[in-house]
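Got a structure for you, written out below as structure tokens; questions coming shortly.
Letters A, B, C and D name the chains as they come in the text, with residue numbers starting at 1 for each one.
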Amino acid sequence: MANFKGHALPGSFFLAFGLWWSVKYPLQHCCGGRGGRPGGRTKTPLAFSRMDLIEGAVKVFFAFVGIMAEQFVPDGPHARLYNREDHAWVKLMNWQHSTMYLFYGVSGIADLLTASPLPAPPGLDRLALSLALFVEGFLFYFHVHSRTPLDVHVHSLLLVAVFGGAASTFLEVFLRDSPVLQLFRASLAILQGTWFWQIGFVLYPPGGGEQWDEKDHNNIMFITMCYCWHYAAALLVIAGNYTAVWCCVRRRAAREGEDMEIRLLKTSSSDTSSHKALLQESEEE
Amino acid sequence: MANFKGHALPGSFFLAFGLWWSVKYPLQHCCGGRGGRPGGRTKTPLAFSRMDLIEGAVKVFFAFVGIMAEQFVPDGPHARLYNREDHAWVKLMNWQHSTMYLFYGVSGIADLLTASPLPAPPGLDRLALSLALFVEGFLFYFHVHSRTPLDVHVHSLLLVAVFGGAASTFLEVFLRDSPVLQLFRASLAILQGTWFWQIGFVLYPPGGGEQWDEKDHNNIMFITMCYCWHYAAALLVIAGNYTAVWCCVRRRAAREGEDMEIRLLKTSSSDTSSHKALLQESEEE
Amino acid sequence: MANFKGHALPGSFFLAFGLWWSVKYPLQHCCGGRGGRPGGRTKTPLAFSRMDLIEGAVKVFFAFVGIMAEQFVPDGPHARLYNREDHAWVKLMNWQHSTMYLFYGVSGIADLLTASPLPAPPGLDRLALSLALFVEGFLFYFHVHSRTPLDVHVHSLLLVAVFGGAASTFLEVFLRDSPVLQLFRASLAILQGTWFWQIGFVLYPPGGGEQWDEKDHNNIMFITMCYCWHYAAALLVIAGNYTAVWCCVRRRAAREGEDMEIRLLKTSSSDTSSHKALLQESEEE
Amino acid sequence: MANFKGHALPGSFFLAFGLWWSVKYPLQHCCGGRGGRPGGRTKTPLAFSRMDLIEGAVKVFFAFVGIMAEQFVPDGPHARLYNREDHAWVKLMNWQHSTMYLFYGVSGIADLLTASPLPAPPGLDRLALSLALFVEGFLFYFHVHSRTPLDVHVHSLLLVAVFGGAASTFLEVFLRDSPVLQLFRASLAILQGTWFWQIGFVLYPPGGGEQWDEKDHNNIMFITMCYCWHYAAALLVIAGNYTAVWCCVRRRAAREGEDMEIRLLKTSSSDTSSHKALLQESEEE
């Protein structure tokens, strides 16, 4: 869909996932790590496993929505690939976008398998996500033939985030629980999301805005820089979410620690040693 | 052999290996891992080592067949490299294909050495396979000079699978038993196999089919997307084989568990504790 | 700032950091490792953590100076991005340089967070530095449009150091304390520093020097080789600093060992066994 | 030196090192590993450390010879860089070659430092060798401007071995004792060596041989394939040397085992248990 909506839709999908990851992974590390409650280790894995299942299901649903939207919009191919009368392919752009969504669907299924108790090989979900990103980049790479320089450039810039994400996610197959790689992936997803919106605004200005001169080299220079600013903003969002999650978890742990302390004081005010240990723990948190 | 058969032959080789790997590796992991029988650990390594020997021998044989076919087809070079009268090289295409097969032969020999009890350095087989893939890609890269755009494009797409396979196999030198890398390699081999067939159908339509317009950009766009569909199909095949193997191993283990249980009930119906343990085991499987 | 000062300023920054790293890392390894004092292990981490804090603060300060210089030099954009009257972007070069400095500022903040007791994910500082280098390279890559061949070439050569540094720093996220990677990073920073100065001397010869012929291929060949000489010089500097640090630490440790020995002789001249152990230690150092 | 000798000289250097490595590394692994004598572990490290010292010294010497040859051949620059009268650089080709040799000299010094008891950071020798290879490739990459297609092609092919070697040697910084990487490096060194000779034979046929048509595409296709054959030959040489070393070590160990056995039989024919253990050992070897 070569219009504003066709870029806003995937942009929103990536943005949603990026923001979700920027909350989920700090939460996972705070709960499982330093700032966690004493009993947190046993409760949280179950909750996170359920989260992963939901994430996979949402991904499959998004991919399905994307494919349907690309196929059955008024000017779409309506699941028709080849026109025998004209000896011509029907709406190949929409078909290519459908293919991209298809691989994100596969990635969603891999997420479901990995989160389920079935014996999927470890790292399958990351490999599938890496492949989905690679296929997206691969199709985009051959996608921009014979367009204006600015159009080619804004799509090429996207490839940096896409292939960067594919490479970093591939690394995660082997370094599964590296917090920096997870946050890096989240930041690249946010970058992709906001950049899709930016592409929409640049190439198809909504509300009858002024058209950009698509051959001016200064516009290309500006847009390159603008891409970096998007990434700086993505980093800011990640930092903000990380801080917010950390503060929330810490405050809650402190409150629960107090509750526990009070209960302990009531029930076994004589047991001083365990009391001290608990106090120490709530201080350490 | 620039005809349909010349692409169908290597395609079938790669397809055979891809399908074989997609059965062998899940089998290895299911038998050695979670779903295995109690006594499986001691029996299977021997069987797998013999499998590897056979695999290496088959690879050497296929490579030999490939070289012979390229050299001694009616329009082949018949082992003649330089024509002194014309001051010209004889059938360089066939010679290049022979060279590709040669390195797969080397890879087969490395497989044999690694599977044998000789003191080959660990990872030799993977390095040799990675080299064979690299050489294939390297020769293809310089192979497509002055052809039609579509011809160049379908061969370039192949390079993605070839170099991707070379890189992932090189990783396996160090991460030898990673299930996802092994399945990834299998999927890329299947992709190569089906794509060789696809190249044959596109460039040399058998049965006098309609010729493709080799300069139409839409055909290039379609073929790029088609490549992704081939890979999606390869993933489906891998998933199917994985599931089938897992189910077979599980059912067999359950049956053997029952047999064992019955035998145990007959011989030592008094020993209740070991019986319970066995029941538990067959449930866990 | 397309003039001599605009290249000397970042050059000095990189040179300062490269030289500092070439002293800091050998110091860290000598103190923490073989040549250290017996009590060194407990004292040094605090000192190094404070060093890291100062380093981060200096980086933020340098980035701030860089941004301000690019924005508010007489012919700068003065924080104005778009000129509505002329429908033109204002001084995009300066804006791009400001963006580069911005990411080094982000890297400085990441350094501060990692050195502070806050729960930053491990490796954050290296990832941020790697990103800052990548963004620098990324902007430079699209920076050199429609310039003379020599201008393009000297800036392209810089990219080797920049992307090399980005890749090696990314490796450090996972191999944090690898001495060779740290020294490699230091050497690339020195190379960047001296090369910025070299670019300034070549493109804007100060003191009314003779202008270089920017289209002569021989000049391009010379400058490529010159780049290698810069690197050889950087390696020499690293080797010199490493040796100097090692000698200093060794001499100091020997002196302290003697002091301790004397004190021990005075206070407990009877305790022979501990004395011998100490002597042995100072010999080993 | 753009003549036959100028290619034969570096070719011989690389060939010598490749062959040496293909003997040294199998020897190291056979002596330290499975096939070694009981007392081998203590003796060999010293011998290998001395070997490394000699290797480093030879490398420095070769680099010195190379620089001198490039500078002081009759048509060399004789250490003169710039001709003030003509405003021209003097013999830049020779200077570039000298720079390449210089970095191999640096690599030799790093070898000496690593083999010496001085506190060089681990992996320094591999990093320096990787850098030397990278610099060689880097200079070659900008070296082939405005030559005939065949000339460009034969030098470009060399880059595959050079950059491949640089990457694999860089990996060795972290995976120091990986036998396959060491043998891979040896094979690439042999490939470089024989390819330099091949370049000499193609571009400057000695003995007044027939000149190659440097624009014929068939020649380029042949030379690409020929490069693969060189590599196949290099692999054959490696395999041969590996086998030879392994057989020698095994035979010698067997002989020494017998000697020891006989001595033991003479001196302590009563001590049956230790005798049996020894017999077992010599059988295992």
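As a working rule, a contact is a pair of C-beta atoms (placed from the backbone, for glycine too) under 8 Å apart; a residue touches a chain by one contact, two chains touch by 3 or more.
Remember, it's a predicted structure, so these values are computed and weren't measured experimentally.
Student: Identify the chains adjacent to both subunit B and subunit D in the sense defined at the top.
Tutor: Looking at subunit D and subunit B together, no chain touches each of them.
Student: Starting at subunit A, find the fewest moves between touching chains needed to arrive at subunit D.
Tutor: Each step joins two touching chains, and the minimum needed here is 2.
Student: Could you work out which chain's C-alpha centre is the most distant one from the centre of subunit C?
Tutor: Looking at centroid distances, B is the chain farthest away.
Student: Which is it for copies subunit A and subunit B: same residues on both faces, with over half shared, or different residues?
Tutor: different
Student: How many angstrom lie between the centres of subunit C and subunit D, each centre taken as the mean Cα position?
Tutor: The answer is 33 Å.
Student: In angstrom, rounded to a whole number, how far apart do the mean CA points of subunit B and subunit C lie?
Tutor: Using C-alpha averages as centres, the distance is 47 Å.
Student: Quick check on subunit C: which residues sit in contact with 2+ other chains?
Tutor: If we look for residues of subunit C contacting two or more partner chains, we find none.
Student: Line, ring, star, complete or other: which one describes how these chains touch?
Tutor: Drawn as a graph, the chains make one closed cycle, so a ring.
Student: Per the touch rule above, enumerate the chain pairs that touch, sorted by label.
Tutor: All touching pairs, sorted by chain label, are A-B, A-C, B-D, C-D.
Student: In the complex, go through subunit B and note every residue touching subunit A.
Tutor: Listed in rising order, the residues of subunit B that touch subunit A are 29-30, 33-35, 160, 175, 178-180, 183-184, 217-222, 224-225, 228-229, 231-232, 235, 246.
Student: Would you pull the subunit D residues touching subunit C in the complex into a rising list?
Tutor: Where subunit D meets subunit C, its residues are 88-89, 92, 95-96, 99, 102-103, 106, 119, 121-124, 127, 135, 138-139, 142-143, 145-146, 173-174.
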